[in-house]
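Quick notes on the structure that follows.
Labels run A, B, C and D following the written order; every chain starts at residue 1.
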């Protein structure tokens, strides 16, 4: 299939390469062109503009950093909507806000284009190994086109609903649950540590017992060791997702006290100097600091 | 080995039977004697008093409902301390408060008796299948005696520290983490449901993705369905453990905002009429009700 | 002085009338023209467009409902900026967000116009009696013009700082403090009532003792009686101000757990059906409902 | 009237002196006898034991530090219950827990003695000037005796209910409201300060406007200046009252999220080294520290 792929960060690049290796014709675009070179060497065409990558594609994937980046590559004179053929399909895989997804869906519909949100759980290495968990939402006719492609990218593809933004909502819920786990581990390590139980031992015991899901195993040791670098999931990006979750919940009229607590924790740790070079796990600094257990004040 | 076993609820009975089947001589005691009969039929001696069950035992296990029950079977004229031989060991497996455990340890030491806290994660069926996760703490000389026995009861035995109460702390931390998962699922189902995403579908997607630890899988469907009975882990018992966690954290000087939030949720759902016939999952009613999504007001 | 006055709600109308009675020449504008008639009868000129009301004015006051309304009357072809003479001064008295105020100040500066934020505490009857508490911020040269006029409108005028948005911040802080008082009274009435102490008696005792500030006296009896109508300060407007406070705090990097709690309470009571016909005091319904003490479910 | 007075701290001593000056015969007792000397010089008899101070009294007042101190002077061989004549009345003015008050009432009733709780708002200087606000609860026949005496001690005496503990509940609610004001001021000063508005100016503006109740005026300037000494209301005593409030609310089945938040703040600031030499206002350190605005880390 003729595919456009926009956004070649560590996630997008791995996914684009998988599509290429599955035999599709890819025309790729990345704002910073140097990241497109490895894909050119692997056989992809490299476009100079997003519109150009979309031009002859039946399906255009986007995987970019945030709402603003997605709006920028989608709309405008050189955006993909300007380049797409009538009836072509845009599969948006970025973690964006519900309101933005609603706006995108409406504008694609008005332009006679298809739109599917397909959000992912997994890190770049999972993307490379086609092990992503994918949640897709959109109209049946569009999902019919999207699903076979998405199945080439992950280990499972779940259908969320008929409105594309519902997939974005589920992704935000997942990231919300992740941040709550980080806060939980922070509080758990604080009270264990102050009780003379080595936090690393605590994490080992708990993740060997019922708390054996990947987020506990990934974040637990970092938090126990108070080792908040490198930034696997950069703190400000996680904070942005918390903001998007709160906005979506507010629009739906739902109070999320846990998300509010995490919101306050983000602000507190940012004020202590944690930033883009730190991982989401640095959120746990707040609980540790409140207990007088933080290594760095 | 000659073993006393006090407390034959669904957990204790399963554990006592396993010890018996491993070839130990058991003298058992339960406040309500009828629960001892199956063990008598399986070869155990049944004592009329806790003291009597402890009398010729090298090791006495206790697995009772709460702090008061443990204090009652341990102390007093007919308690196990009155019955134990000098140098014998008490292995306390109940979920009790840190202060109670500290007090028990001190009193056993003063009486020339050994004391180990060995707390467990797992439900009665895991106990029956020797699949419990066990966390033990105590002096080396006592752990040396306790470990081989504990290994007959579970799939793993972790050493927490030298102070028995540290195992109780870890157990309370685990239960605290469990309640946070329940609250998280409640908030997640509320916002998904109000967004038109079927909560059951949400839970399926998330537990098929990174949130695949047993607590998510056990509590997720109940919460999505708002089916809070039967009481696997009865709401008031979980509330009691939250109280014990907050008390332990306060004594250690640690703020646990998540435990405070859960504390308030317990009070709210109890005031809505949820009680001992409901499961811990009923905690999620609060988030659902706040969103106007509760099936029962 | 030649004065333009935009926004003749119950607050604005009372203030405009006071300026008129102090001897100024007023040209007034209101989106819904019928509200301008009483002022026309009292001697004011009535403009058909905001720009026209601003045209010959040395100072233009605005007192409108929210950020959008203020942006609408300020900018655009028929807005006051289009009508104002170079060097004229805009005194913005509405409760708006910090970011909007920053944007307004920048645009006025760029257009060669003065801009002062002067926010008010007080209800319409205080406005009528020139009893408002006013907080003003802006450049010295603009405050010099604004202060004598503001002193005609209130019992005190405090200078907050040189950046207009700082007066908006202080107003939002005041409203934030108000909402915390409402939540406090809700929790206090819930626990008193469940303890058999008549909430009305409690409020009487406390407001006769150290809690004698107007907000306790105004909101206390309504909350004790669970009488949330009429809407003195309409619930959705108070919710909007909470949103503006949280946005301002987030931009400044400050966690406000109390504002987060109130945010969640707003969402909860809105989901129970409280809306624009209800007063801010309805926020207290949440605490009362959690305690099983709410009269209306 | 023949009066016994137990507890001569700064509050109790001022109250005892007022009763003496009103013409009553006082027999006083204080654990540390040196504090009784000024009252002896003013005409009081000084007892060596609490029981002795109660012996010939129609009414015995107690004004001591906490639940344990009250139980200690009330019960035991040398306690006031042992000394009181049948039908005499105990007026308990200390800030104690609801459960303790319930226990005291029951034991006095069983001993044929009267018991009234009469709690106070006000500082030692208010006590000296008979300006206390007093909240009394008890059976009518006991209140009839107590009220004329209480009126000699304060500017107002409110009747709370027929159960003595209800007066203790109202006192705890008042102190709860006080701590929420402190937290509110901490958050307000944090966001103002980070916005370039001098916190002291903010407090001045707000307390000159609707937030003019004594707690805002007393705690506002201390918090704005981050001057948490001397300890007018010592931090650990305020923390104890928060604990008593949470316990009372839990017993009544009421969630108090604000009290939970304050509970966590107390723990956080205690872990930062604030203690008995610091004032309740130090609670605000937490909000300021979270914002990176604390003067002392």
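In this section, contacts are C-beta pairs under 8 Å (C-beta built on N, C-alpha and C of every residue); 3 or more make two chains touch, one makes a residue touch a chain.
Keep in mind it's a predicted model, so treat the numbers as computed, not measured.
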**Report entry** Per Cα centroids, the chain farthest from chain A
**Finding:** D
Report summary line: Rounded to the nearest Å, the gap separating the Cα centres of chain C and chain D is 37
**Report entry** Centre distance in Å when chain B and chain C are each reduced to the mean of their C-alpha atoms
**Finding:** 53
Query raised in the report: Which integer distance in Å separates the CA centroid of chain B from that of chain D?
Result: 39
Query raised in the report: Touching two or more other chains, which residues of chain C qualify?
Result: 249, 253-257, 261, 264, 267-268, 271, 290-292
Query raised in the report: Looking at which chains touch, is this a line, ring, star, complete or other?
Result: complete
Report task. Flag every residue of chain B that touches chain A in the complex, lowest number first. Result -> 98, 121-122, 133, 135, 156, 158, 160-161, 163, 166, 169-170, 173-174, 176-178, 180, 183-184, 187-188, 190-192, 194-197, 201-202, 204-206, 208-216, 248-249, 252-259, 261, 287, 290-292
Query raised in the report: Which residues of chain B touch chain C in the complex?
Result: 264, 267-268, 271-273, 286, 290-292, 297
Query raised in the report: Given the complex with chain B, which residues does chain D contribute to the contact?
Result: 243, 249-250, 253-257, 260-261, 263-265, 267-268, 270-271
